[in-house]
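The following pair of complexes shares a single chain, chain A, combined with chain B in the former and chain C in the latter.
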Partner chain A sequence: MKGVSGWSRQRHAIAYWMILPAVAAMLLVHYIPMLWGFYISMHDVNLFTMVDWINAPFIGFQNFIDGFNSATTTGARALKALWNITVYSVVAISAGYVIGLAVAILLNQDFWGRTLMRGLILLPYITPDCVAFNVWKFIFQSRIGLLNRYLVQWNLVSEPPIWLIGPPALWAVTIASIWKGWPFAALILLAALQKIPPELYEAARVDGATAWQQFTMITVPQLRIVSVMLILMSILWNFNAFNQFFIMLGRDPGIAAEVPSTLILREAFTNLKYGIGSALSIVLMLILLVITTVYLYALRGTAGAEEV
Partner chain B sequence: MKRFALMIVGVVFLFGLLTSMTFGAPREITFWLMPNAPDDFHTVWLDAKVAEFQKETGITVHYEVIGWGDAWTRLVTAITGGEGADVVQVGTTWNPQFAAMKGLKKVNPSEFGGIDAFMPANYESTTYKGESYGVPWFAETRCLFYNKDHFAEVKLEPPTTYDELVAVGNRFARVRGKGTAIAVAGNQAWDLLHNWAILLWAWGGELTSSDLKKATFNSPEGIEAMNWYVDLVRNGLASKSCAEYNQPDADAAFINGNVSMAFMGPWNIANIEHDNPALNYGVVEPPCGPKARAAFSGGSNLAILASSRAEEDAKAWITFLLRKDNLVSYTSELTYMLPATVEAFDDPAFATEMYKPFKAALEYATAYPPLGVWGTMENDITVAFKAIFTDYVTGKLGADGVKKHLDDAAQRVDAALKTEK
Partner chain C sequence: MKTRKMRVRSAKKLKRFATYLVVLLVALVVLVPYAWMISGSFKETLELQSSDVTVPGLRPSWIPRGPTLRNYREVNLTVPMLRYFRHSIIISLGTMVAATLLALPAAYALSRFNFRGRGVYTISVLATQMLPGILFLIPYYLIFTTVSRHIGIPLRDTYGGMIFTYTSFALPFSIVMLRSYLNGIPLEIDEQAMIDGCTQLRALWTVIVPLATPGIAAVAIYAFIMAWNEVLFASVLTGRSTKTVAIGIMDYITATGANWGGMMAACIVISIPVLVLFTSMQRYIVEGLIAGATKG
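Now for the complex of A and B:
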């Protein structure tokens, strides 16, 4: 049995001291509020009990039942919100990834002005959410929006459609989010592309591989680890999407474009049903936890193979 | 002995330090208010008054103007978090709810001139379960603004009934184009209910039963009043785009001269003077409905957050704002609201033609019931209102669509009323 030397113990102690501030911050900012949220979700914390929330009546899982009972307005909305955010995330992540990859491959070529282009593509990503999504809201506005202006001008529609109400609203926000999100994918994928050894492509060319074969046999496998992390981060960000929905559609986007974050905001801070708001938040967190675990587990083999 | 002496010195030093910190601390309060007037006028007035107050009392006021759309969340967060502001402007309908949350300090009206010093409906809005939790600041009601040039063009008078409004609107739609008669708020409006409530009352309906135990807005009168509102869009009097408007969007359509009529509050007079002073407009009382002429009694109160540690200074600031010269100046020169104190209300500044329709409407204006769960109720009704608009826009609003949505909302409101304590 190998003993731990004094120096090693000292090094461990230094390491613990060094990570202590981060752990304390995580506890304060993440874990304690999470526990607090869990406590609230099991209690009837509402308008009348909020000030003395610690003594609010314990009601077990009633908030979870009420929050997801499809017979009630909130429950029906919660289930629809989960469906909407899934559709939104699948489309936004897929489109963002495909566009990002295409642009990254283009920017990985040698051409004049490449550095400038690499900077320019980041513009949507670095534009603050409130600015970008307010501009998109203006683009989609029915009466004065740019989109309808051109649709009418080119005689593509007789009456300006309404994009920000009903089912089109979800697609309007999705398009705006794709526009905002793809540069990040491009940036990450470009960095990964630059790390692929050129010798791999040279060897493939010598062996007579076509461009498509080089893409599928070299580029795609080499990007796998980065892609796994990129998609995982995108899932987490998109499932929690709030800014784009709140800015473009307001506090109540309507059932067709409702997402969990807007519903939670309204239940907790407009209807002052903190218990239901917390229950919805916890379910959303658990869903993300399950998705993350399953996703990482499913891809563990492939990612591990790449690492070896 | 030496140690004991050192300890005494230490305690005295600490006490001295603490007391000097307490007594020497500058007297400061934070004041949150809404954009009651265009920013460039509003902040100039506030800066001047803050300086005047500081000179008079030595108290510094830090103010922050918060949009109505965000104010609710900011105030709820401040109440639950126990931090934020000392004095806050609260909408008359919000006051009872924040009181129910134990978020506001109780107020003794006699410290501000007594109950009789205030307009009765405004004073009522500060109360919850018989106690007072705020001080009335100003009153407002919404009237019908009309474009005089547009009316002269079609040789018509402003409508006095809702039937006349439709007739006039049809004429505008024919002469000036579809959707140009009136602008109304739609799905992005947080205050959508105010637009429908006056119709509901004019049609003879009520929001709740008289004992406040049951929702009654889904009555035939309510359904008819809602259909009338949706018909404005359906029949081309208002643009279909109104479905995605908030109230300022609808106001802007009138102020820019794009539409001939709009239901707006007196604060829009300041917006017109700021944005389009050339607009030739008039204001009349809300039209008469099949049963009555109705108006919404709104406005704002000043309240002190329960978490405030400067209650006396906060009271001094409220007293300063309510002083007749300040209140008359703030309302008649800046916001065009009506003052909530009787003394200021009777000032000659409010005897002008411009104020006539607002003063007349306030005579019969109805306030929402002072319920703790009012916010939830308002939200439930607004959600139904928005769903109706959405269904109309997407072509899914069948013959009984309005009834279905109002019935759903009534169910939720009944559940909320049961929780009222």
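Now for the complex of A and C:
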């Protein structure tokens, strides 16, 4: 934590008063509910017990067992949801990063209209999710959609595909999410590119390095720390993805495009099995924790990664 | 010698041409959905319903066949969009004020005081950003209902409850963003004010707040936009009297009919506050985002 080093100890009492309101708000909304979440996951909180859920019967890990029992609808869906979100995340994060990096390098060149383009690429990022994904839903419509219009017109398909039902739905959402997500990567990577001292490239050119060598020997190592952080944030965001699935596919996306957030939401608030919903969301959090730990451990050589 | 120069020049020209080609492609990819949204918002319902990709004469077109403003005029006809709009404005403004007022002292304390627990606190602020929202939605909802029943204060489907919820969502990032802004203001300025006889809090209000106005404005706008866009908690905690635009817009598509024209018009209307606010403070928000993402 770099920055202003701060004043000596005697004035500390006031610092605690200053953070108190923020601490209280976050305790009440984040930390206390989270602890109750562990409690709920161990109790049989459902339609009948929810009125007095604090006194719901204790059932140990039964919710976790039921939640992943592949003989039940929920269990089968939970396993499929974890698989789907992994596929979705891997594709969305890699595509978002590669496109973001390519555009960042492009925007780091000197050309006419560069400032305008830098503003333009922010558009998808700042557009509200509810707007962007509803527009994509419109584009992916089977009979009246823009995509199918060109697919049919250019004879790429004979029958217009139905995008938002069944297995293609996952890809439709992935494409929309990549469109919405890459500008953030581009923004962060462009800022990092601009911090690379130009002397490095000048020296490399004097030594006769090719453009590709300059990219692999200077650009890639210089972007490493930022990339590690960016990809970590992308993993966390994408594994928790909800808005795009809920908006484009509705409350029940179907098993082929089910993801943990939509499954948990339905399990808790439609089927009123709060206990199983809580258990599933705790498993989701633990998976994220493991991924984050492994990821940071694998990259521990990277200076700065531990800082966060 | 001459030919080499020419070759270099033509290679440069080619590179230039390729650059603009790629720029054009990027711009196209970004803009197509917006163009389709705008085009759709001017189409008659009949045109949208009768269009068919398989029939060459009826393919959905970029230019509306009979452009109309009806979707805008009747944006409130089938879906009470203006009411949702009012709900969203109240909740977002409330969140904006509350989050700014809470984030400012916390960020100031993190920036100025080397108090015991500063590191732990910073990590706990950042950790909340990584948790799945759904993880605390279920217990939060159950606590909401229990508290309402025992204390008699309704929290679900009330402005107070929603503002409180969103304020704490906006807080972590607001604090981090504002702290990095305050770190840019030298400590000597506070000390100077205190030598002149100000108390700590007076120094914050009279000297630091005016200097940090751009940072504070960026945080305020971030909080507003966050509340305006939130979907998950709004889908569970809001009801008839607090439904926000982010959820309400889905009412245009029902089991009985899809009013895509109306929805596209509503999409444009609800994007306006976000676009205006973001554009007005673009530089500071972008800087804050980058700082928040990279400095942690």
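Descriptive notes on the structure:
Please note the rule applied: the second predicted complex is superposed on the first by the 282 of 308 C-alpha atoms of A that agree within 3 Å, B and C clash if a C-alpha of one lies under 4 Å from a C-alpha of the other, contacts with A are read in each partner's own complex, and residues count from 1 in each chain.
Methods note: contacts are C-beta pairs under 8 Å (C-beta built on N, C-alpha and C of every residue); 3 or more make two chains touch, one makes a residue touch a chain.
Since the model is a prediction, treat every value here as computed from it, not as a measurement.
For the composite obtained by overlaying on chain A, chain B and chain C cannot both be accommodated without a clash. After overlaying the two complexes on the shared chain, residue contacts for A:L272 are found with chain B alone; chain C is out of touch. After overlaying the two complexes on the shared chain, residue contacts for A:D252 are found with chain B alone; chain C is out of touch.
Contacts of A:P167 after superposition: chain B is touched, whereas chain C is not reached. Look at A:F48: by the touch rule set out above, it reaches chain B but stays clear of chain C.
Of the two partner chains, chain B is the only one touched by A:T73; chain C is not.
In the superposition on chain A, contact is made by A:L146 with chain C only, not with chain B. Taking chain B and chain C in turn and counting the residues of chain A each one touches, the greater count comes from C. By the touch criterion defined above, A:A204 reaches neither chain B nor chain C. In the three-chain superposition model, chain A touches both chain B and chain C at residues 50, 141-143, 159-160, 265, 269. Interface of chain A with chain B (complex): residues 46-48, 50-51, 73, 141-143, 159-160, 162, 164-167, 249-252, 254-256, 265-266, 269-273. Chain B contributes residues 69, 72-73, 76-77, 79-80, 97, 100-103, 186-188, 190, 239-241, 243-244, 246, 306, 372-373, 375-376, 379-380, 382-383, 386-387, 389-390, 393-394, 408, 412, 419, 421 to its touches with chain A in the complex. Chain contact summary for the complex, chain A toward chain C: residues 1-9, 11-12, 14-19, 21-23, 25-26, 28-34, 36-37, 39-40, 45, 50, 53-54, 103, 106, 109, 111, 113, 117, 119-124, 126-132, 134-136, 138-139, 141-146, 148-149, 151-153, 159-160, 179, 183-184, 187-188, 191-192, 225-226, 229-230, 233, 236, 239-240, 242-243, 246-247, 260-261, 264-265, 268-269, 274, 277-278, 281-282, 284-285, 288, 292, 307-308. Across the complex, chain C meets chain A through its residues 16, 19-20, 22-23, 26-27, 29-34, 36-37, 40, 48-49, 51-54, 59-60, 101-103, 105-106, 108-116, 118-119, 121-122, 124-126, 128-143, 145-146, 164-165, 167-169, 171-172, 175, 179-180, 182-183, 186-187, 200-201, 225, 228-229, 231-232, 235-236, 245-247, 249-250, 260, 263-264, 267, 270-271, 274-275, 278, 282, 286, 289-290, 293-296.
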